[in-house]
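Chain IDs A, B and C follow the sequence of writing; residue 1 opens each chain.
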Amino acid sequence: MATYVLVHGAWHTGELMEDVARPIRDHGHDVHTPTIAGNRPGDDRRTGLEAAIGSIVAFIEERELTDVILVGHSYGGMIITGTADRLPGRIRRLVYWNAFVPNDGECLNDMVPPHYVALFDAVSAASPDNAVMLPPPIWREAFMNDADGAAAQATYEKLNPHPYATFTDAIRLSANPAEMEVAKSYINFTEDTALPQSLGWHPRLSEKLGLFRLVQASGGHEVCFTNPTLLAEKIIEAGRD
Amino acid sequence: MATYVLVHGAWHTGELMEDVARPIRDHGHDVHTPTIAGNRPGDDRRTGLEAAIGSIVAFIEERELTDVILVGHSYGGMIITGTADRLPGRIRRLVYWNAFVPNDGECLNDMVPPHYVALFDAVSAASPDNAVMLPPPIWREAFMNDADGAAAQATYEKLNPHPYATFTDAIRLSANPAEMEVAKSYINFTEDTALPQSLGWHPRLSEKLGLFRLVQASGGHEVCFTNPTLLAEKIIEAGRD
Amino acid sequence: MATYVLVHGAWHTGELMEDVARPIRDHGHDVHTPTIAGNRPGDDRRTGLEAAIGSIVAFIEERELTDVILVGHSYGGMIITGTADRLPGRIRRLVYWNAFVPNDGECLNDMVPPHYVALFDAVSAASPDNAVMLPPPIWREAFMNDADGAAAQATYEKLNPHPYATFTDAIRLSANPAEMEVAKSYINFTEDTALPQSLGWHPRLSEKLGLFRLVQASGGHEVCFTNPTLLAEKIIEAGRD
């Protein structure tokens, strides 16, 4: 039995990872799905990256979890990298699933094409609390490309405004991911166009990990919604010894 | 029920799309498979790009088709782009299937590697009517790589000499595809080597669409022959809301 | 019935290709699995590239094999290229399976990222007979990424120290692969990270073949261990007319 902590992406909550957690639990594993500070119902959307990372550090420490397989989706890659840096002794393996891989001093926006940064800047500036939402057509076409229109609409309604400071705050790390001693995996879904594939997840970001285990499968950015059972299998392949 | 118009590639005819049309019709849709001017049995092979586009514009207007999902294969990407520019009110979505995506002023040959342009120049110069055919070894290895030799031979015999001016004429567009208001999808078959994959269809040409929906599957350039049922499924995924 | 000669990669032997040979034989084909000089139990690990190539040339000549489909894995790409150059009349088709494709004057290390060359230099320098082994974590994560830990360990124990001169000797060819008259195929397994995918097998090395047939499937570098039946199917697709 292994211990998994699944860290969701921007606009999501831990609850939205439950359909992924269930089939992993069915294999006998212990699976946690915390919600990052800033994405919880009452949270201040002015939450920054350090507080977001701190909330997952605290989650693991409070439960005294050890030998953790720490999985991060998209923005969650920022969080698991920071968490492993703060809690090296408790993490067995980092699993990035179409996730950002920051070096020390980088922010998420440094890894995103300029037209997305410009869009997020404009949306957050118009928000009362520095929050960003994704325009529905981008969600439908670039994130939920492997779903029908009804599923794209239904899942959009479950998203929450995301604290934009977590995209613009630089991460502080004592070592870059390639130098971290923890084992690392990268799960890449081959139809993921949340980043344009010319400036994509793998190998552009995955290779910042140094030696890592690649796991790939067919699907878009939101396989937690479109194919949670396949995602669970891939998480197990990425996390196993 | 949706209305699909399937626009074939170079050397093909609409008739060769029938095995793709049938399973789409089995889902209750209305599917048309016109042959582009220049590829019909008696057509002058000196037909240029404007006349080729005009023939599909006329096909749609004469039948008063509206809310069309307009699918183009390979060279057909030139045709559907021009058609959407001429008939914006009638097209619901453009679906490029391993297809060329031209900006205003570009010709097909601008998107093809120099060794293919040199080959086509030589073949057309030796032709009495500026037509090009594909040498059988290229068809067999680079286009029909996912078939056996007998299927490669049988399909080669169904091809027709292609009007070369449609590769060298620049397209005239009032807006580039990225700026067109119509929805767009790109279907990429991952073993398609009709273009060398270092200078390939996706993401090099697909990203000229701006926001688009990516659909991918396994197969070569001629899945209309090697796997028409899978292609039909992918066209439906690309065309649905 | 066709004649296949399967040429293994570095650290392997012909015996380790038997699970691949068997399903090809079940289709009625004649399949040979020689071990390259330098990798046989008693061989001097100071064996160089010319002697390694010569051993496969001799294997084919002694058995008077003709119309051979010559398959090479990884380092085996060096060997089959040299063999086709020495024995043009006996080879029907070259099949590279995630294999190196050398031009005249290149050595294997010329196609490998600098950090691997540095690693191999250090390991071979510490060896009494200029042999190299792969560190277990690289084998487990980058070569056997599609396996569990037990399979990674069990297969590692079957490997043999590899003669490093075969990586550093330049190959002598009378023509580069793109100019060779023999037919060519490239099999690419899409999760193969033995080379980093930013500097990978396909299309970087495959396109050195000129016109070639691409066959792809899901798997890592060692599908001879992780999925020999699928590999056998892909070899048949790559080798058929």
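General remarks:
Just so we're on the same page, contacts are C-beta pairs under 8 Å (C-beta built on N, C-alpha and C of every residue); 3 or more make two chains touch, one makes a residue touch a chain.
Which protein is which chain? UniProt says A, B, C = Alpha/beta fold hydrolase.
This one's a predicted model, so the numbers in the text were calculated from it and none came from an experiment.
The minimal number of chain-to-chain contact steps leading from chain A (Alpha/beta fold hydrolase) to chain C (Alpha/beta fold hydrolase) is 1.
Put simply, chain B (Alpha/beta fold hydrolase) has to spin 120° for its C-alpha atoms to lie on chain C (Alpha/beta fold hydrolase), with the angle rounded to a multiple of 5. Where chain A (Alpha/beta fold hydrolase) touches chain B (Alpha/beta fold hydrolase), under half of the residue numbers in use are shared by the two copies, so each contributes mostly different positions. One simple way to say how far apart two chains are is to compare their mean CA positions; for chain A (Alpha/beta fold hydrolase) and chain B (Alpha/beta fold hydrolase) this gives 38 Å.
In chain B (Alpha/beta fold hydrolase), the positions touching at least two other chains are 190. Across the complex, chain C (Alpha/beta fold hydrolase) meets chain A (Alpha/beta fold hydrolase) through its residues 137-138, 140-142, 145-146, 148-150, 190-191, 193, 196-198, 200, 218, 220.
Chain A (Alpha/beta fold hydrolase) contributes residues 183, 190, 202-204, 207, 211-216, 237, 240-241 to its touches with chain C (Alpha/beta fold hydrolase) in the complex.
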